[in-house]
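Let me give you the structure first, and then I'll get to my questions.
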Amino acid sequence: AEKPAELKIGITTYASGPASVFGVPARSAAEMLAEQINARGGIQGVPVSLNFVDEGAGVETLTSEYRRLVDQVGVDVMFASISSGVCNNVAPLAEDLEVLNFMWDCGTQRIFEEEDYDWVYRTQANATPEILAPLLYLLETRPDFKTVAVVNQDYAWGRDSWNIFSTALKTLKPDVEIVAELFPAFGAPDYSAEVSRLQALAPDVILSTSWGGDLDTFVRQANQRGLFANSQFVLPLAESSLERLGADLPEGVIVGARGDHYFLHPERRGDEDFKAFTEGFRKRTGAWPIYSAFHMAQAFAALEAVYDKATKANGGEWPDHEQVREAMDGLEFRGFGRPLKIREDNQGVEAQLVGVTVSDPAYPFRVIDKMEIYPAEPIMAPAGEESIEWIKTLKPDFLATRGDRFDHAR
Amino acid sequence: MTLNLAFIALLDGLSYASLIFLVAVGLTLIFGVLGVLNVAHGSLYALGAYTAATFGGQLVAAGWSPWLTYPALVAAALCVGLVVGGLMERLLLRRIYDKDPVLQLLVTFAVFMMLENVQRMIWGVQPYYMASPLQLLGNVSVFGINYTAYQTIVLPVLALAALLGLRFFLRRTDAGAQIMAVTEDREAATAIGIDATRVYFVTFVVGAILAALGGALATPTTSVVPGMGANMIVLSFAVAASAGLGQIEGAALSALIIGMARSFAVYLAPEFEVLMPYLIMVVILLFRPYGLFGTVQARKI
Amino acid sequence: MRRAALLVVVALLLALPFLAGPMLTLGTIVLAKALAVLGVFLLLQAGQVSFGHGMFFAVGAYSAAYIGAAWRGADLLVLAVAAAGLSALAGLVVGLFVARYRSIFFGMLNLAFSMVLFAVLEKFFHLTGGTDGMRIRRPTLLGFEFGRGSFDLVLYYFVLGLSLLCALLVWQYLRSPIGQALKALKSNETRLEYIGLSARNTVLAAYVLSAVLCGLGGLSLGIVQGLATPDYTFWTRSSEFVFIAVLGGTGHVVGAFAGSLVYEAVRFYAAALLDDSWQLILGAVLIAIILGAPGGIIDLPRRFGLAGRKRKAEAAPTDAAPAMRAPYREGAAS
Amino acid sequence: MLTFERVDVSIQRIPILRGIDFAVRERETVALVGRNGAGKTTTLRSVMGFTDIVGGRILFQGEDIARVAPHDRPALGIGYAPEDRRLFSRFTVEENVLLPARVAKLDASETQRRLARIYEVLPELRDLGPRPAGSVSGGQGKMVALGRALMLATRLLLLDEPFQGLAPVLANRYAEALGRLRDLAPEIAVIITESNPALLRRFAERTVTVERGAIASDETASIAAA
Amino acid sequence: MRAASPSGSPLLSARGLEIRFGGVVAANGIDLDVFEHENLAIIGPNGAGKTTFLNICTGYLTPQAGSVRFEGGELIGQPPRRITRLGIARAFQIPQLFTEHTVLENMLLAAAVRERSWNPFRSLASLPQRGEMLELLDLVGCADLHDKRAADLPEGQRKLVDIAIALALKPRLLLMDEPTSGVASADKFAVMEILVSALRTAKVSSVFVEHDMEMVTRYASRVAVWSQGKIQMTGEPTRVLSDPDVIRTVIGG
């Protein structure tokens, strides 16, 4: 096909509402990456252009906007979205409109387990490995715990992630007692009651998959009242809160990053492109990149990779949309972590990085140490299987799953 | 649940109730006097929080004594209440007092949306936080459970002070009597020399200051984030409606009930925690259709 | 003159698919919401503001989801009838509780009920799909299956027909004695009782009707989106309906459509233009309309002297409405 | 002291008063009579600033009253007892009577002096004092409204249909009260609207008749003759 | 209309009504019968409990003791709408109108409820009772106001429209609370004249609270005198109005 004047990308992200703590950094990352790509001459010589949609504007506006971008602006690819709810909405829409859609950040594992899609791909992992990795890490570092409590936000992610975690725990370590399942309201300003109850119970482990302001509030209130002293905290999404929490997050907390990314990634931190990204980002926004920014980078990496591959397959000619879609099968690409692969169910296969917090004089906030990067395949449900059912079939030898250990090199 | 735990739950409920009371009482006041259900009340809460975090943060960063963050909280609330509340009343609400109340609701909703946006333009999307007031006072220990003195002592005391202050103001002072008169009949009040326009202004600003103060007082314990106003406003609605309209004491009682219900739910039925305000509202209204303290003012026939 | 204007509008609506092309779905969304707004509009006639009608919206959408899941390829007509029936039932059950409440208590009790439903939909995620909601598969119409392009068109006309029909019904209802009694309730409930009519039943009848309208709106939007989510019962959605109704104007059924169109269009174009400042634009536009035309958008032509005939006083809401006021103010009203 | 100069008033763009033109002198009691809807109430409300005056002006002691904000007019010494009483039902009867003094920040002795005069004019208010104003009957409410107006009226008293709904005993007493007022405070000018002129016989020396928003006649002592 | 002493069975009979609000006793053992074809006037000083009596009879207030029977059926405990449907209509001391509707629409609504015209496909304006309602408005002298919004009426005319609404219900018993107070004296006798003769033709009994003794002498067939929640005396107007006690407490010397 003819090379177009530009490669148009539509991106849905949160510009308003609580989830904008992810949305806005991701947006900055996208703008930065687009500039860099265009500075390099574009993708296969075609510059990219971005069109953003605010997921916070409501799902009707979003679908209308989505349609407009595809039908009228004629975008070549959509990156949608952060919210799992929105992913559920746009996945069938993308299929209808026959537009390539990268689910660039949403985590729900169910989407590909319940439905087959031709045009929808996920350029990162899903909730299953993102929760199992911190659990493995916990079982490896604190194998002797007896009691667990959970404090999650009362919405889909909070419930689903607890479902994965607790199912795995019951399968792998049935003697553990779940002493409290607390689901405070999304955006709750106060966790006094939860903290008191947890102090009274003093569970060995406290899990929270909360994020954003909710996680910050919970951590601060818990820390102020000394809850960290007696319980091991597991916070699978805390990588995105580290810089904000500063010294309010104690040492020794297990944190995850929803994938294999971190601004001090042990395998990548020395690389030029990595440094260009993290430091460029910091210059641009004043903060280190968090996982949503890395997820955005992965979507861009996948886009570049798939156009390279499709162009090659097309004998050096610019591919049409159908050819690009075909090239997605088994696509391999690399963001700012380990290489990724698209599986036959369109799910991305991504390693997972977990570690514990330590202080580091070089940074005014906690950094992750004793990192372990888990390979993806062993900790995610195979294509075509339902995660929860698959977790129930796990055998104790699963506990032996190990990744590569890295200690923070000072 | 043992007695100890019940006591602990009581303490937790108290601090939470104090916070929502401070916000909801402003809403109730404005509603009672102006008849406007101010959706933007949530934004004033959020703006109070952001401003307090900024003021406090600057103070601490500039190396001033962290004790000064307390006056900074109050200063922030006053600023927001006077400036934003004042402008809102002067520029918008004043034009529509004689219009259908639903229209007033709509205007405040529009203001809410705009302020959410403005807030994001000024402060961005990253959560803010200002812990100095909390850390200064440290913890107290009750039955082996650590409590922050700020939440268990400062907040309830301030809420109580607000309650008593408002009661005194409305019942005992001339200004309070004027407010009550305007509340009932604006024209008749004007006919005896009351400047109803000013009363509306003052009431709105006081209500706005209370909302902002609620937000400012929340900053030491909670993250200031986009969308925090939207969450608070429904809760305030629930408190105001279960209290009975314009009922200051009612607002205190229903805030307390909702706060307690929430903290007891955390112990007894965590599943219901989120639902508690609504369940309580349903139950209260089913048994007392005009709210806890509300009375039917029978129409004269 | 007004009739002519109305005919032009209907003709435009019928021709929209040929004019707007890819924007057709926005049109369908506008109409679907207008249906729900019509329900809220109906209650506004009695001065009652519900902050919980999203619950019937959800009933409509979820009934489509459940029936679609149980019976693949269920027909759109069947879904519509089922959604109407189920939301009527839900409206009756909830209405029995809320119909005797007024002003803010009516609004808040509705809000509470819808939030309870919201929580139930999220909690029993094994049955309801939780926050993710449930898929609604593309239904057939009169036994015919449609592909995407043609289904968009079919759905548009279906929702257009449905909403025009409902608008006509509501319009007639409000002219009839029972509809007028509903309006009368706004100004003097005491007198209503003293002419021998139960204020509660008057509200209840309108409540059930409004639940059906919201149910049909929810069904329509659910099918457009292919999804029913608990989001539909969240209080923000319910208040959105109220705002659209007031924005459009409570003086005439056309207001529901005008409001819905303007609201969605402004939000859509504001979001397209400035994805991170749409709230500012939408808020400013809302305020401009309210201050410029307190009777709502349908009042605008009159404001600018465009309407030929002077409309009756009913067009403009007047100060006599104690809808959301404290009850003690009513004493002063008479 | 109060002069209407060709006053036009419209409500929602409908002309209600057309060219009202008359003057009330000091110490004078004027009856404003006319059929229902003639515009009596509207005339009084215009003095208080509750209507939009679209033409002409109202002078109070030679000054255009439009320059004084409605809420400042009572301070000029104008008391107004509206047709429909408009008591503050959440206050007691006594508080209703005292409220204007509190608003005007009268000192205690002045307040007591005026209160004493009010009780002298309206002895039955004493007993009603502690009752909530919302609970008094229709006629009792009229008395309270008069008492409240008297608290401020040092120059001009506007009474809108004060006898409506009063039992004859009370109406008589009310009329007596007005008579007493004229003796005690002759400096106060009074305008009374009334659709039943017979009751005014005893004290109104002048009758202004309003018809469909305009002055139809202005006669001195015509009622006494009738 | 000088029917002598009441005869036949009572239409409405109240026994032992008691109600107090805080310290105020507004009904203190009220016993009263209202007979067919009579015009009963209730007089009494302000605050005596006259309106309260009407409120009890129409279900607006529930007394602490006592009973009210209408054609044999108990009214206490029934809501106003039921009592209205039994045939008791009421006009109010403070007029109760649908202020956002026109005068005629106010009337038509009453007629529609009376006739149970609930067909949603028939508009209110086209009800067949339109002519009848205009006639009723004419009766109270408000025919030319029929398309005015009730909110825009002056007080006096509101009262008349309020009465017309009650008449539109075709009641068996009409209760009126100070029907012509606020109506200009030039008009009120004319209105009352027509009203009373209309009631007579339609065989409607009426009870009206009144402060104007001239109205009472002219139009009442019987008078009941209220005083501090009690009935001080009842009887034929001229006799009652010349009673020294009544003169002292109600009429004034």
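By written order: A, B, C, D and E. Residues from 1 in each chain.
FYI, a contact is a pair of C-beta atoms (placed from the backbone, for glycine too) under 8 Å apart; a residue touches a chain by one contact, two chains touch by 3 or more.
Quick caveat, the model's predicted, so the values are computed rather than measured.
Engineer: What are the mutual neighbours of chain C and chain D in this structure?
Structural biologist: B, E
Engineer: Quick check: more C-beta contact pairs at A-B or at C-E?
Structural biologist: A-B
Engineer: Farthest chain from chain E, going by the mean of C-alpha atoms per chain?
Structural biologist: A
Engineer: Whole-Å distance, chain C centre to chain E centre, using C-alpha means?
Structural biologist: It comes to 42 Å between the two C-alpha centres.
Engineer: How many angstrom lie between the CA centroids of chain D and chain E, rounded to a whole number?
Structural biologist: 30
Engineer: Round to the nearest whole Å and give the separation of the Cα centres of chain B and chain E.
Structural biologist: About 49 Å separates the centre of chain B from that of chain E.
Engineer: Just give me the whole-number Å value for how far the CA centre of chain A lies from that of chain C.
Structural biologist: Distance between chain centres, rounded to whole Å: 38 Å.
Engineer: Where does chain C touch two or more other chains at once, residue-wise?
Structural biologist: 190, 276, 278-279, 318, 321, 328, 331-332, 334
Engineer: Which positions in chain A are in touch with at least two other chains?
Structural biologist: In chain A, 15-16, 154 touch at least two other chains.
Engineer: Listing for chain E: what residues touch at least two other chains?
Structural biologist: 51, 93-94, 96
Engineer: State the interface residues of chain C toward chain E in the complex, per the touch definition above.
Structural biologist: 172-173, 175-181, 183-184, 186-188, 190-198, 313-314, 318, 320-321, 333-334
Engineer: Which residues of chain D touch chain B in the complex?
Structural biologist: 48-50, 69-75, 80, 82, 86-91, 95, 99-100, 102-105, 134, 148, 151-152
Engineer: Once bound in the complex, which stretches of chain C touch chain B?
Structural biologist: 44, 49, 51, 97, 100-101, 104-105, 107-109, 111-113, 115-116, 119, 123, 190, 235-236, 239, 242-243, 246-247, 250, 276-280, 282-284, 286-287, 290-291, 294, 317-319, 321-332, 334
Engineer: Can you name the residues of chain C that touch chain A in the complex?
Structural biologist: Chain C residues touching chain A: 21-23, 25-26, 29, 33, 122, 125, 130-133, 135, 148, 221, 224-227, 229, 231, 264, 267-268, 271-272, 275-276, 278-279.
Engineer: Applying the document's contact rule, which stretches of chain D touch chain E when the two form their complex?
Structural biologist: Per the touch definition, chain D meets chain E at residues 11, 14, 34-38, 41, 83-84, 131, 135-140, 142, 161, 164-173, 195-198.
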